[in-house]
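The following pair of complexes shares a single chain, chain A, combined with chain B in the former and chain C in the latter.
Presenting the complex of A and B:
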């Protein structure tokens, strides 16, 4: 299945300049998203998964800077665009939904106001037409009584409804790329199931690509085509979802899978990853996972492995597999 | 096994009447007549979505909230009959672990002071014995002894949760109520804490009430599980029965909503996606409170509230029409 690629990230490095020094939050990340494909980025806190998505959207705050690397959207470089050109792209071509729908909606404006704002900015239509389109899209994301919700303020809605509104805003201009940063983490599990189902339905016929950021391997298994596993700002494994859950190769990925409690299997004890995620301004030398790795070897401590293909479409950054290539 | 804690007809209504001239009082029924037993050395998991009353239940048992009605019988004694002084003594035998290890530890206290505080309050130890005791507690929960003079902000979430656990087990309690102890932690840290908790349970013969919204963690640690919905327990049984053959449609929906970490099950997964939102606990639906979201709701469900009864041995359910072929996730 070869599809056209929509987004190509090559060797992206995003550093934060803080009082405590330079923090390499994202350190050499590369991946490709094809049209209509869902790519999941998994990792724990501090792995750099959110910063990767903010770099792509161009929403880094002032302390953060893209050091090097390229981000190609439909073949053209976006990191060098001016702010104005970036803004045009954002919302129209790529849109983002966030974890906490209450803080990402403006409490002082009605839902309708916020959806039609996006439509009017990007599609140059009049107020009446924008309202019509807004209500249409609210209905599409499964909101009953869309006309009433159009005139409501965000605080009147439940968490699930707010996330539906966020999705409505994000999809209002038919973006080609949707970045979803932990969109269901703050929601209850039955509501999460509704939202995931909705997202799948919405992208099915539109061929929208999704970059799905999450820490939940269950959500990954449910949604993703391709999976990127990140650890301490780097990609440690990159493959398709079936290979990942069947033949995970990196010790971090296998440990992460083994330490996840599963409701469909009987487990006596959970495997544990010892230690904690390293501090970003004090990264371990060599392989960044070596301090917690169950398979650590002499050379892991001083030499950094490179991301290599162990099979077609299966990349692993680990010394265990270096010889096999 | 002996019953260590019995809860009978427990209710907690919060008065949410707005304006003093209103004649009719409005109540938020956070916990609405629930009953259960916990055996000595066992773990009871309480699961449910936000607003179902699971945390309120924990706080009521701990006497952190005053109940509206009902009985809480701990080790054969109704806690309501105790004087303040007696209750304080009894409290040493029940402890709590909280969700957020960032806000549940005093930022101005060092690790030593945090862990020593319950010992100082309840026991009369010499300073040498106190330090020995704190150090041995730190060993038990896997905290390095050299951390004793550090402040909470110097620790990661997982280590802070270990401090909280050390404080909770300091007085050798019988019962520990764990309110979402791992939900704020990363996956790899969650498993460390869960394993630590089950290790301590075996070593110290602890009884746990494990409150959480995450079913996988609850399943790992619990023997029995109570499912709550809008202030009621809708189903209560052993974990095997609950996960293999749920009787209540809400439990079935809850189980099928959990994304399984196996992409090959993606399309095979049966079950239902529950529609609609959780109703507000101030405005509880008539009859069975789950009926607006229930795919099997009938006329009777709209008018008559189901009673919580034993449908089969060790399997309690509050439903007029318990599922005959409930779809679980666990193969028998």
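Presenting the complex of A and C:
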């Protein structure tokens, strides 16, 4: 695997400045996405997955700020770009699909208007050409009566259809990077499978890279090449998808895997991870997972472990593996 | 059939909807006419004010008889309704002519003032509301929001008098009162319009603040759209829906404001006519004016409903 890297995130720190103080939502996250590769980011709500993706897109709201770190897109830094240069990347080179298809489309504009808008921002084409391309892409995302849907308002479409439209908007300018923030969470299982299948199909021969954010390990297994497990704003494990499911190392990852119900095992109770993700205002000292960790040791409480390679392409942030280095 | 009835918008027939809504107005107008009649009936005897103080008892009785004021309540109401159906509100005691044409003539002046005031309000409120919402908690926002509260608290008649004092009496830029040229319109339009703008700015601001957090605004940004279009195309059109509704529903407040503003500036509109008519117990004028004002308020509500449906495709004409 010596593919060229498309996106490199190095030690990204994104803080939110709120009335209750500074909240470190993302705290030192690093990873690389190669061309044509799908990287999944897994974690509970509040682990900083979405904030990471919004930082890459430059879509943080006014309270959020990239404190330090670098985001290299095709080798050039994007965090220091002007607003205008950033806008040129957005929707064109990198595009995003959101979690809520029901609210992510503007209710007052037709589907066609919203797709052709994306095309016309970045490509110098006239209205007629934009319409033609919009209908083409609607057909590509598996919408049968594309011409009719083009003139429809979003409220007339089902959730699955709307997510297809969102994918159409995101892919309308052939982006190199597609960020999908839990794109199937709001959909039922059959539609979810269709959408995942569609995404795989659409990027197959285009070398589009995907940053796939999810909390669903089933989706990870389906989609990802590489997996990043995030906990409380930090990366705790980073490896390829096969290693993750075979030899997950971090106690958080193993607990996550253990808490997934399996179809061939009959159990009375589901396994859970006790407790909740710590409040970002009040992070535990030492390892941030020590309050919930089944393997907690003395030194976990006060000393923070570092992300270390336990094998080639397998990084873990845990004291259990410190000796192996 | 006229074109308007079969006019389709987003696949629905608008004309039919409007006709049905207009028919629904009729019973409302009947109820209003009854209330207006009762108010005038209990308001007292107009004859005392119509005759000189030294008029004989005989003259008074004779006048009462000729005006039909000696008839029982239901007969008077019946006569009034017979007239009303023919849009005849009776003769004005003061002008000695049919009341409705006088009212309609004055209505033109009032509409002129109201439209000018709305233009002033919109010119001020839309940019200010959007601006203070997108720059929340900035100096502009604090000044705009604080200013809106203070302006709202300022009574129309006081503001009007202050404007006359400064711009007409001291600076001599505008005439003190009356109607005629553009310069006559400016001060009353500002008096009435800024009051409406104060309220509207706050509506637009809070509506915009809510909309700016919506997912589709983020989607618009994620396409690489310029912030100007994100705000003015995607956010503002959504924010406009509640604003249009509230503004149209506030017509009655605007009418109330017009009455006061017209008195301050001696603007020869419906408000001034109505106040004079009440003072002189010119009942035909009072009835016609109140009836017309009620009709305008109902019509504005209907207009709000139609605009609401035109702005929001999720709501259909049914």
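Assume the second predicted complex is superposed on the first by the 318 of 325 C-alpha atoms of A that agree within 3 Å, B and C clash if a C-alpha of one lies under 4 Å from a C-alpha of the other, contacts with A are read in each partner's own complex, and residues count from 1 in each chain.
Everything that follows uses one rule, which is that a contact is a pair of C-beta atoms (placed from the backbone, for glycine too) under 8 Å apart; a residue touches a chain by one contact, two chains touch by 3 or more.
Remember, it's a predicted structure, so these values are computed and weren't measured experimentally.
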item	value
Which of chain B and chain C A:60 touches, first, second, both or neither	neither
Which superposed partner A:121 touches (first chain B, second chain C, both, neither)	second
Touched partner set for A:155, first chain B, second chain C, both or neither	second
Partner chain(s) touched by A:81 [first = chain B, second = chain C, both, neither]	neither
Partner chain(s) touched by A:108 [first = chain B, second = chain C, both, neither]	second
Dominant contact partner of chain A by residue count, chain C or chain B	B
Chain B versus chain C as contact partner of A:266, first or second or both or neither	first
Chain A contact footprint on chain B (complex, rising order)	49-50, 156, 158-159, 186-192, 194-195, 198, 213-217, 219-220, 243, 253-266, 273-275, 277-278, 329-331
Of all residues in chain A, those that touch chain C in their complex	57, 59, 83, 87-92, 95-96, 98, 100, 103-109, 114, 117-118, 121-122, 153, 155, 166, 169-170
List of chain C residues in touch with chain A within their complex	214-216, 218-227, 234, 237-238, 311-314
Residues of chain A touching chain B in the complex	44-45, 158-161, 188-194, 196-197, 215-222, 224, 241-242, 245, 255-257, 259-267, 269-274, 276-277
